[in-house]
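One structure follows; several queries about it will come next.
So that you can tell them apart, the chains are marked A, B, C, D and E in the order they are listed, and the count of residues begins at 1 in each.
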Amino acid sequence: MRDERSLFINIVALLILSVIGFYIYKVSMDTGKGIKITDNITPQMRVADRFMNKNVIKEESKYVWGGTAENTSANIVTSVVVDYRLFDTTLEVIVLFVTILGFGFVIPKDKRKIIKPTTILNRWAPILMILMLMIGGYMFVNGHLSPGGGFPAGAIISTAVLIGVLAGRKTLSQKTLKIIEAVAGISIFSLGIASFVITGNFFQNFILNDRIGDLFSAGLIPIFYGLIAFKVAAELSNIYFEFYEEC
Amino acid sequence: MNSIVFLIVIPLIAAFLSLFLGKNDKILAYIVTLFNIIFSILILFSGKIPFNVAIGGWRAPYGINYAVTDLTIFFLVLVNVAALLALTSVREIMEYQFYSFYFVLLSSTNGIVLTGDLFNFFLFIELSTFAVAGLISYKRDRLSTGAALKYLILSSTASIFSLAAIGLIYKTLGTLNFADIANKVNNLNEASLSLILILYISSLLVELKIFPFNMWVVKAYEASKTSVNLFIHGMLGTAGIYGVLRILLMVFSKETGKLTLSGNLSSILMLFAFVTVIIGEIGALTEKNMKKILAFSSMAQLGIVLFGISLGSFDALKGVLYIVISNYLAKFVMFLTVNEFSKVSGSTNYLDMKGLGRRYPVLAISFTISALSLMGIPFFAGFWGKISIIGNAVFSGKLELIGAVLILIASVIEGVYYLRISHTFFSQGHEREGRISRVYCLLPMILALVILFIGINPDSFENIISILLDEIKSPEKYIKLILSLK
Amino acid sequence: MIEILRVFLFGFFAIFIGLFFMGIGRKIIARIQLRLGPPFYQAFLDVGKLFSRKSITHNFVMDLGMVMSLAGLVATMLFVPIAGHTAIKTSSNLIVIMYLMAIGYLGMAMAVAASGNPNATIGVSRALTMMLGYEVPFFTVMLGLIIINGTSSLELIANSQAGSILNWNMIKFPLGFIAAEIALQAMMGEKPFDAMIAPAEIASGPMVELSGKYLGLAFLTHAVSIFVETAIIVNLFMGGASNIFTFVLKQFEIYLITVIIEAVFPRFKIEQAVKFLWTVPMSIALLQLVLIVF
Amino acid sequence: MVEIFIIPLVTAFLLAIFIRNKKVVWPLFLISNLYILLKLWTLFGKWEIEKTIYTNYELFGAKLSFTLSNNPLGWYFAFFSAVITLVISVFSLGFNQKTKENVAPIWMLIIFSNLGIFFAADWITFFMMWELMGWTSFFAITNGRDKALNEAKYYLVLSLLGASSMLIGIILLGALTGSFEIFASAYGLVQVFYSEKALSIAAIMLLLFAFFIKSAIFPFYMWPSKVYAVGPEDYITFMSSVMIKYGIYPIAMFIVPVVGSLDLPKILNTANWIQYFVGYLGAISAVLGTILAIFQTDMKKLFAYSSVANMGYILLGFASMNIVGFEGALFHAVNHMVLKAAIFLTLAAVIFRTGESEMHKLGGLVYRMPITFLTFLLGIIAAAGIPPLNGFGSKWMIIQALMSQKMIIFAIAMIFASTGAFMYLFRALASIFLGQLPDRFKDIKEVPLTMLIPMIIMMIGMLLIGVVPGVVMKPLTTALRAVGYNVNIASWTSLEGALKNSTIDLTLVFLIFLGGFVISAIMYILGNKSETVPQEDNYTGGEYPEEWGVNADRFNYSYSFYQPFKEMFEPLLEKISIDEFFASIGRNFEYMSATVQGLFRRGEGAVLLFSIGVLLLILGGWII
Amino acid sequence: MAQLFILSSISLLFIGLFGVLTRKNIVKILIALNIMETGINLLLVAFGYVENGIVPILTSNESIMNLTKMVDPVPQALVLTSIVIGLGTTAFSLALAIRYRYNHNSLSIRASEEEEGVNI
């Protein structure tokens, strides 16, 4: 507490937090009628039930392993993210796009000192990069079957780029990254428009009749995930290049 | 009518394209904005309103849906027209990021108005936050960096609150759809609902510039360009008002279309509202910087809007809509005037603008008309709002009466500082170098004439408002529209 | 035609009586101060002398003002019933009388202010201040009488006291009479309240620049004002009179009181005078008023 | 009916277009005013004319409509204000030759609202016109000059406050009586008064508050002195004569009938408390206005306070709740219009020639501007309420009414005020026109003909109304009869009092005065010849002691004219300084403003305040 | 289990909020914000948690039988989104912070007010 104002603010903050805490406690202890926040509500009582049973459109439809369903992704989280609530996911991509754009925009462009990479790093970098790219590729290709998907895949790919940057190997130019980013972004929406043209609904999965559990299943989901992965990778790499450029 | 999504998608695609077009971004911006306006007007006259669009074909409570009702289309047109009007104040060549942010803001404000899903709504708000933060920091000087940072930190905190509320809603009601929530909200426990509402309202009020939540406003307005001010005012502000109307009156309302918050929550909201009005007007009283004055003033106007909403009467809501439209038009006129004048005088201090009203009477008179409308003087649009809100507040109770009196006193203060500025415009000044093209005087004049027209002939606007009120009066129609769609 | 004649008759009568009173007053004061004093007709001699002399004027405003001052008081006089008669048949409204009197003072003030002499201006300013001082208590007394009689006609008030001496307002409302008497002292500009003239201090104040016929007109104005003011008091408090001699006698009684007070008192400063008028006679008058109304 | 509203609007628009061309603006202004006057002339007696505009705008479940109707009382005010306006606009023709700024378009808008206020048949229309007049006055007062800003702001604040209170009052009234029409709401208010006492009284008080502000009644008596001192002189003439009556008209139109028909308990068997409330405010305004006017050195401020005092008289007339008092008040409104216009026109003429409004810097102008002097002389005689001129009759009626109602304190206040009026009026006369002519004004001339004609018209007007009061009283009684009062006027020349046997014939008074004048003139002529000498000859011995630094300019002795009197009142005035009170409010607001601005400039605290907001919400939600 | 998650996430939220409220250094504030975001993510996941639940991924025919045991997939999807938003916020704010440091030569949030001479 270096000055009185800080002391005052600390006390006020503690006060506020304690009141909020006590309020939450009181609400959770409430005994009134109706659904309470502490009630034990299972996913079956929520919209998630339909997502898990994959019968959003037809209530009675049942599905079997290896058969077809309205959404053929085996990973239900993925089907929520990339199919049922695909628009959220695209917006999320846009959020990333905007923030990285803002990042590049406001960061001051002053000179930085370059530290020359060591030989070990320089040598091992390509190998690491290839490994990482492989893992990343695997992740988004298998996003509809197992945990993972576009975002982690993109992050991993961008880490590969980071290693390249650290090793002094300029694998990509910023211009290329920008193009990748834009093309991926536009492609996501182009797919949406395509589905609008084909089925009349935006972002509708128009590749049907796949089998659950197959690698090539789930219609557009892997494609979307791939595009997202590229976009995320390009955007995150952009951050590294922001710093690298000034070297 | 599934093509309504293009209102959001086309600007987003344009945001990507803007990375490459360089100086042609401006043309792209105009094309996209015009597209949005024309498209929304086409929908307005298509005769299919109301309708509901399920994204990806997933029906309402499960997928994301965009609902177009009368209220939606009204605000949609307002937002898109605001975008075009604000774009006209962009004169110099901007870096491409400016346009990218603009496109994202355009798409997100359209999305805020269109969406029927709570989480989607949250995402659009986040998106607009980042876009606005980027736009605020566009100048990248001391002031704008601080302002953007302040705004970003504040709205991130708010977004965490609202995310908690969304989580709680999903946990208790198991749905994220507006209509579904409105359908089920009566099952919710009283205390739990007020917790959720407190968390959610506090984040909404940040966008609505209500007093303890609005520390970002003044700095943000001061630090940014006029066009950005107009974006914040016309697009984000209008969309925010829509959000409040929709969420407080039609989603979390236990009675039809009324603000029925548990406990004294609505009293507290009212308290916030008139404190905001007072704070805004008092803050502007001795201020010299025009942008800050306008920031304080728009804060106060939104305070009146919230006051009207929290009165919980449809007559007052009508007044709110009048205030919204009056504030919407008036602030455009004012910002555009200030923009032109500050270019000639070289500063945003109104004392430096002495005598400009004599050389450019059209601009100065338009400014005066807008000021009078904001004060709620008869013959201008704001009057119809003021009389309705005050009239309903007087009989609602003690707190409401105090609020009404305070708002009237605040409008006196508003009169003092606005007419003082008008006077400064008309007083004797010295000769200056710069010139203002007559073309730029045209837009404020037209907008001021619209204010005057609504003020003299409220019939013209009354019919629109009665349609909007009808929708707010019967949220069950909205619920039926969205949930019964296969 | 007969009206015009009456107007002249009444006017000159008032001037005559006023000058007569003035002369007697000077004599009485001299006697009180153990002097011989001038003869009682000295005032007539003075006026004659002044009118026959050549005089100095500065501009037309002075002429206009002096004429206006006498005109105002003569006009006032024509409203006051003298022993039941007025020059022209009117309701002899008290308020009209009070206001008409002011035009005389205004004319006088205008004339002397036009002379540009600072002493005269000071005198006028004191006179006007004094006016505010005495008008208020005097009016308060009047108000009581007006309210109790339900009329503001001086004639009716006088008539209502007809009969025995016990019907006189002087007897019925002694407090009011005392207040009115004090106010009258100030109204006439007599001794305790003569700060506006104060010969030793501001060289006779308003009169300082007047000479010849202007001073003569001022003399006449004063004479008429004495007549008017005493006549008002007589009508208000002493029940008027049945014939003109009794009336003048009653007027003289009033004037005698004034003159005696004048002879023995020193001078108030102007603010002292106003304060005195607003405290002593005013409270007496208010007390009387309260007694009357409630 | 409609055209008298369209013409001002169109003219205002045209004036705004031709604003730079003085040769067009002022004649156009004049023609428009002439047209309005003629049109109003034709409207006399046609009380049934009405124009309603219907809207879809709903308030309290009823659709609003705006009605303008030719109501008799409104016509009475509108007509005389139009006459005065026309005269002033002739004056403006000459007066505005030199000025840089141009107040005409705004002024025309005010004339529009003027007509609207007097012809409005429902409160909403009335309120709209009222507000229009408020803000336009602000611009008219400043007229683009920075030195007038503070005063204009003061006026604006009061005017907006008044309008706000009026808005609440109207809303209360509308909700109580279910109608916004003025007459209907008056009837309705009388009906519901006993069941909804508190609300009804609140409505009346709120409306009175607004009217008092506009008419500069006691707590708000400061604005005329501030505003008149700085505004453009010709506009100020309009303001002081016409605009200050805006509060009077609705009181006569609404408050008096309502309070008159209520059966409230009487205090001491004289009058009810509302009457006393109104009356005390009127009495305080009359007395305070008089006292303050006595102390002014600026002539426009002096007459501003004089207006305050006169508004006090009018209010006293209303407070008497007596038909004579009522008539007298309305009569005095027009009398005051005429005489204040005359006085302010002469002041404007003086300022036009000398550019000086401090009285002690002027003097002796009578030798250079005799007609102006004569107008001024008649004006102050009228203002003092001295018989042959027009101020007397109405004042007399008001005093009669007060006496007949036994309102002794009000009557005394009125006498005090009108006696005090002699003091300040004479002071103005002596300082401006009499005394010495300063050297620097040796060469000024009488004002041009366009400015003389209005003054002469005003002189004739004052004399005419003073001698033949029927000129105003006839239309007034006709109008009042049309509204439903049982009044009459015996002849063109006489006035009826409230007391027994108190009819006075003003023509007779004039003739008697003439008789007195003849006697006096005979005496004057009888005297020996007189010789005109320069002023200085007599008391300065014909020369100025130059080595003392004294010259003719420095020899003016009217700066602290009533110094002893002032010393008596100073402690009292210091105690009740309303001005200081308002100023301290203003300072507090400025301090708060700086605080709020600081709050928003701070870097930290944003999230803290956010959390405090959440905290408040929690506390609000908690207290179930 | 779920209570534990919720309690820990709420404590994370409070710690973060306290940090945001009281810290002067912008970087510390951003760290606090990140803590809050972590807390909220944990909270959301905890809301969707089922006692002894399994991952909502179909791996075989049996897992279709066990649908009722699966945890709620929707909060996880939301969290996925909110993580990205958190990332974006942090990145943007940090860039702004760097710019702030560059402009004001300080990272204190009071730096901006000190030079403007605010004293309240």
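Assume a residue touches a chain if its C-beta (ideal position, glycine included) is under 8 Å from a C-beta of that chain, and two chains touch if they have at least 3 such contacts.
This structure is a prediction, so every number in the text was calculated from the model and none was measured.
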_Using the touch definition from the top, how many steps at minimum link chain B to chain E?_
1
*In terms of CA centroid distance, which chain is the most far removed from chain C?*
A
*asked:* Based on mean C-alpha positions, I'd like to know which chain lies farthest from chain D.
replied: A
*Among the chain pairs here, which one is joined by the most contacts?*
C-D
*Please work out the Cα centroid separation of chain D and chain E, and write it as a whole number of Å.*
68
*How big is the gap, in whole Å, between where the Cα atoms of chain B centre and where those of chain C centre?*
78
*Cα centroid separation between chain A and chain B, in whole Å?*
31
_Shared-contact residues (touching 2 or more other chains) in chain B_ = 119, 123, 126, 130, 133-134, 137, 140, 145-146, 148, 153, 157, 168, 170-171, 176, 190, 194-195
*Multi-partner residues of chain C (each touching 2 or more other chains)*: none
*Provide the list of chain A residues touching at least two other chains, using ranges where the numbers run on.*
9, 12-13, 16, 20, 23-24, 26, 46-48, 51, 85, 88, 91-92, 95, 98-99, 102, 104-106
*Could you list each pair of chains that touch one another?*
A-B, A-D, A-E, B-D, B-E, C-D, D-E
*Over in the complex, which chain A residues touch chain B? Could you list them?*
23-24, 26-27, 30, 32-37, 39, 41, 45-48, 50-51, 56-57, 83-88, 90-92, 94-95, 97-99, 101-102, 104-106, 178-179, 181-182, 185-186, 189, 192-193, 195-196, 199-205
*asked:* Help me check something: in the complex, which residues belonging to chain A touch chain E?
replied: 6, 9-10, 12-14, 16-17, 20-21, 24, 42-44, 46-48, 51-53, 63-66, 74-77, 79-81, 85, 88-89, 91-93, 95-96, 98-100, 102-108, 110, 145-147, 149, 151, 212-213, 239
*asked:* For the complex, give me every residue of chain B touching chain A.
replied: 2-3, 5, 9, 12-13, 15-17, 19-20, 53-59, 61-64, 95, 97, 100-101, 104, 107, 111, 119-120, 123-124, 126-127, 130-131, 133-134, 137-138, 140, 145, 148, 168, 170-177, 180, 186-196
_Considering only the defined contacts, which chain D positions touch chain C in the complex?_
268, 364, 366-367, 373, 377, 381, 384-387, 392, 396, 399-400, 403-404, 406, 408, 411-412, 415-416, 418-420, 422-423, 426-427, 429-430, 434-436, 497, 499-505, 508-509, 511-513, 515-517, 519-521, 523-524, 526-536, 538-539, 555, 557-558, 561-562, 564-565, 567-568
_Please output the residues of chain E touching chain B within their complex, sorted ascending._
13, 17, 20, 26, 29-30, 33, 36-37, 40, 43-44, 47-48, 74-75, 78, 81-82, 85, 88-89, 92-93, 96-97, 99-100, 103-104, 109, 112, 115
